[in-house]
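Each chain gets a letter, A, B, C, D and E, in the order it is written, and its residues are counted from 1.
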Amino acid sequence: MNAIILTAVWGIVMMFGGVFFKSKATPKYWAIAGLAAIIIANCLELQTGEPFFALDVKYMLSFNSFNLTFITVTLASTLLFFLLSGRDIEKVGANVSEYFALIFFVLCGVCLAATFNTLLILFLGIEIMSIPLYILTGTDKRNLKSNEASLKYFLMGAFSTGIMLMGIAFIYGGNSEGSFFINNIVLGEGKMPVMIAIGMVFIMIAMSFKVSAAPFHFWTPDVYDGAPTVFTSFMATIVKIGGFIAFIRLFENSFGKVHGQWQMLIAIIAAATLFIGNVTAVFQQSVKRMLAYSSIAQAGFMLLAIFALNDTAKEGLILYSAAYSLATIGLFAILIKMHDYTIEGFNGLAKQQPVLAVTATIFLLSLTGIPLTAGFQGKFFMLMAALKDGHQHWLVLFAVLCAAVSAYYYFKIIQAMFFKEGSQQIKADGSVAALAEDITPAFKLLLIITALLIIILGIFPSFLTEWLHYLNG
Amino acid sequence: MTNIVQIIWLIPFLPLIGFLINGLGRNFLSKTATGVIGSGVILISFLISVLVFFSVKGGNTEVAHYFNFINTGSLKVGFDFQIDQLSSLFLLIITGVGFLIHVYSTSYMHEEEAKDFAKYFAYLNLFVFSMLLLVMGANYIIMFIGWEGVGLCSYLLIGYWFKNNDYNNAAKKAFIMNRIGDLGFLLAVFWLLNKLGTTDYHQVFALVADTQKSQLTAFDITGITLLLFVGATGKSAQIPLYTWLPDAMAGPTPVSALIHAATMVTAGIYMIARSNILFTMAPTTQGVIAVIGLATAVLAATIALKQNDIKKVLAYSTVSQLGYMFLGLGVGAYTGAVFHVMTHAFFKALLFLGAGSVIHAMGGEQDMRNMGGLKKYMSITHITFLLGCLAIAGMPPFSGFFSKDEILAGAFAKNPVLWVVGVLTAFMTAFYMFRLYAMTFSGKFRGTHDQEHHLHESPAAITFPLIILAILAVIGGWIGIPEVFMHGGHRLEAFLEPIFAQSNVIAEKHELPHSTEYILMAISVAGALLTLLYAWNKFSKYEKSEEVETGFGKVLANKWYVDELYDSIIVRPLRSLAAFFNNVVEKNIIDGFVNGVGKAVNYGSRQIRLLQSGQVGTYVLLMVFGMLVLFIIQLFL
Amino acid sequence: MSLLEILFWFLSLLTLGGAAMVVASKSPVHSILYLILTFFAISGHYILLNAQFLAIVNIIVYAGAIMVLFLFVVMLMNLNAESEPPQKNRWMLYIGAIAGGSLLLVIVAALKQTTTTTQLVQMNTGDVGLIKNLGMILFTDYVFPFEISSVLFLSAMIGAVVISKKEA
Amino acid sequence: MFGNDITIPHLLIFFPLLAGLITFLIRNEASVKAWSLVSAIITLLISLASIYYRHNPELSGLAFNYEWLKYIGASFSVSLDGLGRLLTFLTAFSFPVIFLATYRNSYKNAKAFYGLMLLSQAGLMGVFLSTDALLFYFFWELALVPVYFLCSRWGGQKRIAATFKFFIYTFTGSLLMLIGIIYVYLQTGATSYSEHSFSMQAFHSVSLIPSQQNWLFWLFFVAFAVKMPIFPFHTWQPDTYEQSPAAVTMVLSGVMVKMGVFGVIRWLLPIFPAAVATFDNVVIALSVIGMIYASLIAMRQDDLKRLVAYSSIAHIGLMSAAIFTTKQLALEGVMIQMFSHGVNIIGMWIVIELIERQLGTRKISELGGLAHTAPVLTIMLVVIAFANIALPLTNAFVGEFMMFGGLFKYSMWYTGIAGLSIILAAVYTLNMVQQVFYGSANTLTSGMREISTNEKIILGVIVITIFAAGIYPQPFFDLTKDTVAEIITRFK
Amino acid sequence: MPVYYYIFLAVALFSIGVIGVLTRRNAIIVFMCVELMLNAANLLLVAFSKMHYQLSGATNPHAAGDAQIFVFFIMIVAAAEVSVGLAIIVMMYRNTHSVDVNFLNRLKN
């Protein structure tokens, strides 16, 4: 509750701040301060279970340790994102504080998507998440790619909204209660009524679109590639995992009872996503685009959680989200600083910027899922959940094979940074042209902290998952 | 008697010490010091061996346990030495002949510079050490240690002059062919282990003796013995693994004398004699051994007829003599075989050393066609050499006569055909030996002038061993005088009786009537004498002529083309197979598959990327198709 | 065939026909006009179902505000049949039509199996759809979503500003 | 945070770890070398202590167990048994030797090089010590990653491609193993905190029906087979050995390879006895084929490193064949052979490294006649080479003898075929010795100098080890008695 | 009037919308087709609400109302989307003087 209200309010504050703030840098600090406060508020609620505002929402929202922990993760990732890339947000365009406002609204949407209890709130949450993003994607107005991206994103997003609404309508019609509450959509263990089934497929498709799962992922590479890199980073991490929390909560509460009847579909989607994401990423030359595909691939792994849909899966999803966000945000933060977004652009980075290279390596290892990084714990929990479920072992096998493929393209960057000689042109004064620019000590420090976080989570995932044991999880 | 047992460990240990001293001190020790140490240790070992010999004369067997080489739940191998009549006899031969050859070497190798000289003696000592392990071991594993050890030393010594790659190849060939044999030996040992769970001689033999206790089937025994025999063919240069021995002549002549005539090559005979009981239980194997042995004898003898390299002739004669010994083993005349080992050690060592003395005098020349008339230059060598020839040709009362005769008698008892072939071989032996003698010592000198200028009798260090060995070659046979001449004259048989007791019990021993024996001896001696004289007057006036061998002679001169045969049916196919694996299977098939996966992924990546056309219409279309698929699966499947 | 049914069929025909023309007609302006027609037809359906509130909102918001906005934009860009980007690859049309059609078919086929769809719908009576009742629900039960949707509008507003404001 | 007491196993893991991390902080190269050498020697002393106090359970860390991820039943539990002692000793022994042997080499960014080396040592120790499946997997990967960086940073011309192949290959294998681990874990019984447990005891006592075992077996086997490697999973090895810097090649072939063998003994055999009984024939057949195949290919190699690599494949083939016979004799042989193989092959690499450092080539065809100018090196090489082909009284003999003996108990015919590799080994080894050291020196090799004293000392150590283990191998058997017995009881 | 008439009507409308999205390249028209889809959903919801009212209006009066409120919210969202969407289209038109959704690819060719 705290998070929802405060994010909305702070969004408005930032919005009006745009009028008063003189310096371009000010909004960043306000945003960071506000977000920090919100995180604290949320953590308090997580521990006590007592929100500051006792609002009667007519059971349209539900708060439990899982939701709140998840919100904490997203907010914390956003804070990290602000800290690492705040300066780059300022570079995107003139109306900085508006950008921050939009980001806060997105966060509000994520919080709704994490706590919704009726399809209405789900719908609103998803929309609140999406609409600001259409705009953020297009903020680089001079850049045609940015325009195109935002247009495509908008049109296809609207299309998926239509699909989702169709699904909601069918579900409403199908269930005897005529209720939008997710808990009484499917009541019995037995076979779903056809209308419910149709509605479920529609919604599944819409959600798959939001989390960019194949074959509904096509917008992802173009949009991620076209959008300003800072916002790509935000979209690829916080928004995506927001979509996932919505996805898993919806399907756990609404269709959990008839898990067996739709598991196959998710298995297929997951397999397709893993395959397309990993295989296509192999060929990419631009790191930005490669990371877009990798985010698809990672989504494929997260889908395993929805496939398994058990406690391990939920813990795993939280871990995975945290690991994935940390690593990806870090990588994007480094990528933004680079002059050349192609893999060759990273050649010899280890010599020029050892800190960047080493931390980037840790992020990449985490994405690959090498032990001692959080990424491993995430994958490990996912595999465990899927195996625990006991059906479709082929999917697990397929997943690890794809993970092996993912090593292929992640390590290409590592090779470029450490083992390839930099092909930088020598400038007139004889100095080697820098591969990356304005690397402040603070930035390095933050990167190191992020890397340490990843490693700590990799060794002691319990630091995160223990939050689940507050309240009556 | 046990007090001797307490010091038998010294026998192999002293040569080891010698090896270490000479090996480590090769940079500081003077040649004299090296020689003294090298020969001295062997001498002491020899003296101890003499004591040992008399201690076991009473017929008792001593086993000394030192430490557990391997001691686990599944395998117990003690580092044990066993002293009995057989081993003590071999001890005497090895250390005795060994000592003489060491002494000989001190002079023969004197041109070598000090460090190589030391290296040479180190190797020689190491060889003696391994050989002693071989014969003293109380189980097959210790024997195997020595077995491979001598192989190693022969490798090192053949390749002693490692600058010359032909020598290296010869050394390699020797080692590899031995390895083939060793594999057979090993497999046999595994078989024994598998069936009996032990490799200690006394246990094995005890178990083998009563098969119902050890559940050894006839198949097992035959298999084991055949494998052991494979091992023997490797070490003792029998068909099919004999070709390394002639090449091994690349080594220094004393080495040929010690390793490739007197001791190492007889390891096979020792091993079979040692496990005689096994072989007696396996008549099939015995048949095989007899035939192989005889075949080898004939083959080698025929080849020796046409060789002109003095050492090559001796080498082939060695092979042929070894064949004899195996014939003896095959027909169950174990004593005869061992007897022949002993006498052969004497006269063949003598002949090699004599040849060495000749080569030394000729300044490294080994081709007999360039020799001749040496008798007036080097008398001692000449005399001793002649005695050696007579001995090997089997002239009574020289040692060769008695041992060879015993084997032939055994062969006749088994099967007259064996005897006939054996005797023919004996004739050939007489022929080529005297061809050798005549071409070398009689007639007039055919070498160059400065060679003639340098001709001289060798120094004492060389002649002294010759004399000793000559004496032994003459009288060595008298410890085995057959019954027909003197009742109880065969002291050796009595001496070795405990070793072969069990076999003699099992194997039916049919005595030949004395009349038959006389006839057989008469025939062999007479025949040998005739061929001998024929060879003498054919070659004593030998003139160098450039006529090339033709027809069958050519085949013989080229050693029946056996090397070429092996090369084309084994070596080359193996190499091309390896090439095939290396270039095709490894690179294209296995690695090709691995890389193929990577390529496939890359290719797929490039193809799937095309879906990302950038056309919203296409995207939506694909999404709709996806929807359709999901709907159909969910609703209709 | 009662009056209701006649009306129903007429409106349905109008709806689908209008929709089809939206897709088919070359000039954007025509499309918009057809779309407005469709919306009116749908509002008619609402009235038929006695959902008066929605009928009115539909006309005001959709046919009114939104469509005018569309029209305005089109006029602004003075788009017409000529400026229409041509659909180059013809097969796209057929494939698209087939895909959409088969989507319809699949769902219809699926629903054919069930009997629940024969459930009757209450026509032109029933007071749930009246403004009074809905207003009650909206400002009691649905006050939270109502408030939160303001965030949506705020972001939309900011968006419009950020997007269309000329870069200084 | 690691509970009550620090035991030897922890020292063995964490000392190299800390040492490695510290190394990254040291500036100049000389002190980096000195420090890493010292720390490696200290590790060696610790492992010696672990052998000396082997009868003292407290120090062996058996009692120790830190609840690491308690709610999923994974714990940081490490302990030493015979096999563990043997292999940790091998690891601890090889690193100082390697550091000494390559002391002359100077690397750019030496601190990273030595740091990573020590980290990989820590990883190896962990693999050999952990008695918790998840922990095992952790270390399994951790040992891999530093080596990957070492190879591709300091390697030869085609290093990046070669080591990348190596990495992907092994990574895929271990991921499959991860599935296997999780699956087995889900079959284990509950602990006080969690419904399942990763502990080794739980894994060893888990009961799987044969049909499950049969596919799980392969998941594990592939991981280990790639590591060992067994034909046909071996193709990464020659390239990697060829491309890696000498020190890394030594680690890879001397110690890393043992991870696979260890894995089979520690995890595969006890968990899937039924499957082992089913597939032993297949595996042994593969191994035997591999022995002959690799030996034949070794005959054709011109690059010394590749030759040794293939010979190593042959040796490992024998080991895996021996293991899967599950005969006591064979297993005892494997135990000592693991150590011997490590020592011998490291010795080989050292010699090759010494030659390459002086003459700048490893091509057999370009070498020859080194014995003239470098007799000591020659003698050392000859000893090591003959140990490599298992001549009696060298360390390898006992092992190979027992392994063949065990294999014979399993099948006479396999032994017969596998035995051919003895001959082939003699062929390629002697060819190599002859062409590199004998014959007359050419223009390049006449410039060869005798090796320095400290190199003599290192090789001397190795040679002495070879003979010591060859003449009196008993200590190794006593050390590993318990492990062998533990395995055998499962296959009675 | 049985509900499936409405269902088919709505689905048909929806499909027409989809076809439009598939076939047209004019961003505005594509967007309008999306609006068609939304309206299909609305229509369906209303129909269902009345169906539920018919079924259990007495016992469960909320069911029907909820749906119509939902439609109301959909309209709200649609409005918001339109404002943003048109803004984007206008921005694009400014830069490229085209409303073709695939204009970039045309630039590529």
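Here is the rule we use: a residue touches a chain if its C-beta (ideal position, glycine included) is under 8 Å from a C-beta of that chain, and two chains touch if they have at least 3 such contacts.
From a predicted model like this one, the values you see are computed outputs, not experimental measurements.
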Ordered by label, the neighbours common to chain A and chain C are B, E
Touching both chain B and chain E we find A, C
Using C-alpha centres only, name the chain that sits farthest from chain C. B
Going by the contact definition up top, give me the pair of chains with the most C-beta pairs touching. C-E
Please identify the chain with the largest separation between its CA centroid and the CA centroid of chain E. B
Chain whose averaged C-alpha position falls nearest the assembly-wide average: D
Separation of the C-alpha centres, chain A versus chain D, in whole Å, is 42
Approximate Å spacing (C-alpha centroids) for the pair chain C, chain E: 5
Mind checking the centre-to-centre distance between chain B and chain D? Centres are C-alpha means, answer in whole Å. 38
Could you please state the distance in Å, as a whole number, between where the Cα atoms of chain A are centred and where those of chain E are centred? 27
What parts of chain D, by residue number, touch at least two of the other chains? 168
If you look at chain C, which of its residues touch at least two other chains? 92, 95-96, 99-100, 103, 107, 110-111, 117, 141-142, 145, 149, 152, 155-156, 159, 163
Among the residues of chain A, pick out those that touch two or more other chains and give their numbers. 120, 124, 127, 131, 134-135, 138, 141-142, 152, 155, 159, 163, 194, 197-198, 408
According to the definition of touch, which chains form touching pairs? A-B, A-C, A-D, A-E, B-C, B-D, B-E, C-E
For the complex, give me every residue of chain C touching chain B. 92, 95-96, 99-100, 102-103, 106-107, 109-110
Contact set on chain D toward chain A in their complex: 69-72, 137-138, 141-142, 145, 149, 152-153, 159-160, 164, 167-168, 171-172, 175-176, 178-179, 182-183, 185-186
Interface residues, chain E side, partner chain B - complex: 18, 21-23, 25, 30, 101-102, 104-105, 108
Quick check on the complex: what are the chain B residues that touch chain D? 67-75, 141, 144-145, 148-149, 152, 155, 159, 162-163, 165, 168-169, 172, 175-176, 179-180, 182-183, 186-187, 189-191, 193-194, 574-575, 577-579, 581-582, 585-586, 590-591, 594-595, 598
Show me the residue ranges of chain A that touch chain D in the complex, using the header's touch definition. 365, 370-372, 376, 380, 383-384, 387-388, 396-397, 400-401, 403-404, 407-408, 411, 415, 418-420, 460-462, 465
